[in-house]
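Per-chain numbering from 1; labels A, B, C and D assigned in written order.
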Amino acid sequence: MARHHVRATVNGDAVEFLCETGQTLLEALRDELRLTGTKEGCGTGDCGACSVMLDGRLVCSCLVLGVEAEGRSIETIEGMAVGEALHPLQQKFLEHAALQCGICTPGILIAARALLERNPDPTEAEVRDGLAGNLCRCTGYHKIVEAVLAAAREMRGA
Amino acid sequence: MSELRYEAPKTLAEAVALLSGAKGRARVLAGGTDLLIQMRTGRIQPELLVDIKAVPELGEIVAGNGGYRIGAAVTGMQLIEHADFAKRWPGVVDGVRLIGSLQVKGRATVGGNLCNASPAADSVPALIAAGAVARIVGPHGAREAAVETVVVGPGKTSLAVGEIVTSLLLPPRPLRSGDAYLRFTPRSEMDIAVVGAGVNLTLDAQGICTQARVALGAVASRALLVPAAAAALIGTKVDAAALARLAAAARDACSPIDDKRGSREFRLRTAGVMVCRAAGIALERARRNDG
Amino acid sequence: MSSAIGTEDLKIVGSRPLRPDGVDKVTGRARYGADVSLPGQLIGKVLRSPHPHARILAIDTSLALALPGVKAVVTRDDFPDMPDEYAAAGELTINYRDVTRNMMAREKVLYDGHPVAAVAAISESVAREALKLIKVDYQVLPHVIDVREAMRPDAPLLHEAQYTEGVSPKPDKPSNIAKRLEFSRGDVAAGFARAEVIVEREFNTQPVHQGYIEPQACLASTTEDGQVELWTSTQGHFMFRAQCAKLLQMEVSRIRVTPTEIGGGFGGKNNIYNEPLAIVLSRKSHRPVKMVMSREEVFRATGPTSGGNVKVRLGATKDGRITAAFAELNFQAGAYPGSSVAPASMCAFTRYDLDNVRVIGHDVTCNRPKVAAYRAPGAPIAAFAVESAIDELAGKLAIDPIEFRLKNAAREGTQTYYGPKLGTIGYVETLEAARAHPHYRAPLGPDQGRGVATGFWFNIGGETSATVNINEDGTVALMHGTLDVAGGSRAAMAMMVAEELGIPFEQVRPIVGDTAVLGFNFITAGSRGTFAGGMACVTAARQAIDRLRTRVAAIREVPVEAVIWKDGQARPAEGSAIRFEPMSLAQIARLAGKTGGTIAGHAEINAQGAGPGFGTHIVDVAVDRETGAIRVLRYTAVQDVGRAIHPAYVEGQLQGGVAQGIGWALNEEYVYGADGVLQNPGFLDYRIPVASDLPYIDTVLVEVPNPNHPYGVRGCGEVPIIAPLAAIANAVSHALGIRLCDLPLSPPRVARAIADRPA
Amino acid sequence: MARISLSSGLALYTGGETAIELEVGNVRQLFAALGERYPELASRLETEIAVAIDGEIYQDALLQKIAGASEVFLFPKIAGG
C-alpha cells in the first residue's frame, strides 16, 4: 500500500514519517514517531485523550489524518515541560492530586493549557466548559478544576 | 483492497475536477470530524479524499454588502472567535458552539456540518433561521441554494456529483432583529441534539414582530424550516399567547422517531419548549440590537 | 495483624506527598497497555459475532490465511475445551468452562460482540481486511435481553444444560435462572404483621459500563520453547497468569506477566479477554502479537455491570423502628452465570439493625456480554432500591431521613442477616457528620430537591506479597504485587514503609513487581489495595527492621533485645543499661555488604480483617420541569475510611466514585435494539459525565480506625459509588413530589413521569 | 464446642440445618467435619465460603484457629471491583 511521506514539526523538532492515507495523526504520532504520551481512548473524538495542538489549535489527533500534518506544527504532551521545569499546570496537577490513572492526563493538560492561553483568568464554570471535551473517569473532575485554577493563578502571578 | 488516495488541490477548479472525475467514489475532506469516523467504522469506503482546506477562498470569512460570506472550510472555532460575526449572528454562533467539543470545533467546518447531512447538526437550524444561502460550485458552474434545500435526508444532500458547497452567505442583519439557537441534550456538552431550535426575528419600533424564521433540528429526517411557527410570531409582541401558538406549530411540524437518543413523545414535547426558549433569547437580542 | 501506631506519633501517614507515579503521568512517559511494543510485533484483531444468539455451524478461515501479511488465525479449534471448574476471581466465582467460551465462542455465540476468531497480521489495516475474509456460518436463534423476560419459562434459553441451582428439589427443566440465593433471619411475616407503615416498590436499573478511558490492551510474546511474556493492562497480573495457564493448559512458570500502567479498571480489568488469544497467535506466528481493543469492542464485549430488577418491602412502627425487610434481586449476568447478585443480596440491608429480614437473589443469563465487577459490585443496585424505600418510609413517618437511619443504624455488634456480627464500624459517625454538615441545612430553591442515601461495602483482604530492599545508601526499593489501579495505593504503601523505617517518603521508591519476582497477589479489587498491600508492606518493613536490629546488635556487639528502631535509627532501648552509638539506616546499609550481606524484608500474607466501609451522601438537584433535565447542584460525601493514609488520594476516591454514581443515576445505560444489537457502543451515546455536568464534590473523611490494620486502614474505593444512585433519586423525588423507581433518570423518563403524574 | 451457624442459603445443602456445634481446632478441620456431614456442601466450602470467627471475617484461611467456645458463621465469599 502506498504510503505518504509527511514532513512536519513536532514539539519544535522537524520530523518525517510515512503513513497510509487512512492513518490518523494519532497513529502517526504513536506508531511512527513513538510519541506514546498522546493516548487513544475512543478513536471518535469523544474522549479527548488524544488532544494535541495543531498549528496552535486544540484538536483530537484521532480526527486528523497523518497526511494532513504535512508542513504543520504539532505540540504534544512530550513537549510541555521545558527542560527540567514542569509546566505550572503539570506541577499543580501533581500538587492537587488531579490525576489518578493518568490516561486522560496528557489530553487534559494540553486542553487546559489551550484554555489558559485564551483565558488566563477563567472561572470554575469556564474551566469545566474548557475541559468538557476531555473525559476523566477517575477523579470526578473536582481536583482537576482546582489544579487548573491554581495554575492559572500562578501563571498570572496572582 | 482498494487504494485510498488523498489529494489537496489548491484551486476550486482542481477540486471540482477531482471530485467529478471520481464518479461518486470521492469524498470531500474538510474538518474530517464526521468523515474519519465513518471511514473508521466502515460505513463509507471512499477511494479518493479531496482535502479542500488548501483552497484559499474556502477558508475566508468576508464581510460585504452588509452580510457575510463564510468559506465552507472555515472551522467552528474561527467563526466563534470572529467578534463582528458573533455580534451580528449570535444565533448562528450558538449553533456552531454546540458542534462537539473545543477539539472537534478546532477542525469541524460549517460546510461540513451542513454537508454531512445529519438531521441533528447544530449549526443547520441556526443557518436556516438566519436565511443563509449555500453557494455551490460544480462541473457545470456555480449556483445558490437556500440552506434548507441542501439536505434532503439523513446523510443525503441535493448536491450533484462533483458539486461542492464553497461558502455560506448570510444576509444583512436588520435593526431590531436577533437570532438564537438552543438544543436539548442529556449532557451539558459532548452530545447530539435530541431537539434543536433556531429562531430569527425582527421587531418594529413598537416591539411588534415583523419578520421571523423558525427552524427545527433532530425532529425529522432533516432540519426543517417551519413557516407556520414563524407565522405564530409575526404580528405579535412575542407574548405568552404567541409563544403557545409557536410551540404548537413547532410540534405540528415535527415527525420525529424513537431512537437511542430520545423517544418520539419526548422530542415532540421538548421541541415546543426549546423553540419558545430560543424565541425568548432571540427577542432579547432583537431588543438590544437597536442601532 | 495490629499494633497500630497512635496518630500523634505519625510523621508521614496522613500527610500529602506527591505521588511517585505522578511525573511520569503528567509528562506522557507512563506506559499503558497500548504503549508497549516489541520489535517485529504483529497486530491482532478479533472477529466478533453480529448476532445476539446463534449456533456456529462452521468457520472458514482459509481466505484470511491466504491474504498476504496475515501470519496466524485462531478460532475455537485452537483452544482446549474446559470442564466445569470454579475459581475465585472478581465477584462471584468463575467457571473455566464459561471463561474459555467467553474468550472465544465454541458451540454458540451468546451476545453481539462475542469473539469467534482472531487474526495476527503485519499491520492493523491488513488485520482488518483479514477479518472480512473469515466466513462464519451462523444459525441465528431467538434472543432475550431483558432480565424479567429471561426469567420466564418460555424465554429463549442460552444454556441448554443450565438448571437453576439453589432450589430444592432440582428443577426438571433448564432455565436462564442460573442460581437462586436466599438469606434470611427472624420471622419476616411476623415483622410485617407488626408494622404500622409499609412501603413496597419495584425498581429497575440498566447495565452500565465501568467506562475506563484506556481500552484493554496486551502484548504477548511466545518463544519456540513455550515461554510466554505478556504485558497487559490488568487489575491482577497474577490472576491473569493463572487464568491464561489454566485456559491454555500451560505450567504457571512458563508465563511471565508484567502489568503496564493501568488506565482505569473499576473491576472491568479483573478478567482476561484477549490475552490467551494473543499468546496463541504469537505461538502460531512466532512473532510478538499486540492486541488493543477499540472503544466499540470495549462496550460490546467487555463486562458492564448487571442491570437489575429489585422488589423491596419495608415495614416500620410509627415511632420509626423497622420491623421487617424483604427484597428480591434479579440480576442480569449476561451470557454466562456470575452476576454480583450475591454480594448485592448481602449488602442490601446491612446498614440497618434488623430482626426480620429475607432477601432472595436470582442470577440470570441473557444475551448480553458477560458482566464484570464494577466498584462494589451489585451494591449500588441494591442500595438504590433499599435506600429509596427507606427514604419513602421516613417520609411517610414524617421522620427526618438521617434521623430515621440513626434509629435503625447498624453498630458494632449488630448481627447481620447473612452471617457475622459487625465489628468496629463508623456508620453512625457518618450519619452524624452528615447531619451536622452545613449542606444539610442549606436552603433550597424552587424545583430543587435534596436527597440522602447511605452505602455499605464489606472490603476484602486476600493474598498479597511485598519486598522491602534496603539499598546500599539506605534508601529503599519497595516492590509490591497489588497493582496501583490508580487511586494512589503505591504512594500510600510507600508512605507506610517510610513511616515504619523512619525515613523520608521520597527515599522509598515503590514499584509494581511482575509475576516472576514476587509471590502471589490477588487482584486489586474489593478495596484491598491499600489495606492488604499496606499490610504486606508493613509486614515486610518490620521484618527488615528486625534484621536491621539484629545486624546492629552484631556490629555493636550488644544483645538484640537492647536494640530498638526509632526515627530511622537503631538505638539503645530506653531504660536499658546497655548503651551504644546509634546507627542510621544509611550507616547500616553502607556496612551491610561487609557484615553479612544486603538487608531486605519480605512478606507473603493472606490479609484478613478487612474493615467494612460506610458512607452517607447528601445531594441537591434542580429539575427542569419542562424538559425533565436534572442538574446536580451540590454534593457532599461523608465516609468512614478507617484512616486516610494520603487524604488527598482518599478524597479523590470518593469524588471519582460519586461521579460514576451520578452517571449511573442520570444518563448511563446500555441501549439494545429489537435485533439484540448494542446501539450505543461509544462515548458519544454512552454518556459518562463530562466536567461541565458536575459540581465540586465535597468530601468529609470520618476516621474510625480498623483495629485489624497497623494503620487503621479500611478500603475506601468502592463505598462512594453505592449511595449516589439512591441519593439522586431521592432528591429528584423530593423536588417533584413523585417517587422515581427506574434508572437512569434520563430526561425522557423524568419528563414522562412529570406528564403522567395524576393531577 | 464451637457454635457454627450457616447462612440461610446454605441450608439447601444441609437438609435445612443452619446451626450446629462442632469440636474443631481450625477452619480446615471445620470444613472437613462439615464436608463429611453434608456431602453436598463439601465441594463449595473451599471455593465459595467465607468464615467469620467471633466477628472477624476470614477468607482462604484454612489454618485459622477456632477456639473452643467460638461463634462461627459461614457465608458466601466476597470480592469486589
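A few remarks follow.
Please note the rule applied: a residue touches a chain if its C-beta (ideal position, glycine included) is under 8 Å from a C-beta of that chain, and two chains touch if they have at least 3 such contacts.
Being a predicted model, the structure only gives us computed values, none of them experimental.
Per-pair tallies of C-beta contacts place A-C first. Inter-chain centre distance (chain A to chain C, centres taken as mean C-alpha positions): 29 Å. Mean C-alpha position of chain C lies 26 Å from that of chain D. Centroids built from CA atoms put chain C at 44 Å from chain B. Taking each chain's centre as the average of its CA atoms, chain B and chain D sit 68 Å apart. The set of chain B residues that touch two or more partner chains comprises 1, 188-190.
Shown for chain C are the residues that touch two or more other chains, namely 125, 210, 266, 683-684, 689-690, 692.
Residue positions 1, 20, 22, 43-44, 46, 129, 132-134 of chain A each touch two or more of the other chains.
The full set of touching chain pairs reads A-B, A-C, B-C, C-D. Contacts from chain C toward chain B in the complex involve residues 125, 129, 296, 626-629, 666-667, 671, 679-680, 683-685, 687, 689-690, 692-693, 746-748, 751-752, 755. Partner chain C is touched in their complex by these residues of chain A: 1, 20, 22, 27, 30, 35-44, 46-47, 49, 76-78, 80-81, 86, 90, 93-97, 99-106, 109, 124-125, 127-129, 131-145.
Interface residues of chain A, counted against chain B in their complex, comprise 1-2, 4, 20-22, 24, 43-46, 48, 51, 54, 57-60, 62-65, 67-68, 70, 111, 114, 129-130, 132-134. Across the complex, chain B meets chain A through its residues 1, 3-6, 8, 29, 31-33, 36-37, 39-40, 49, 51, 53, 75, 77, 100-104, 106-107, 188-190.
Every residue of chain D that touches chain C in the complex is listed here, in rising order: 5, 7-9, 12, 47-48, 50, 52, 55-61, 64, 71, 73-81.
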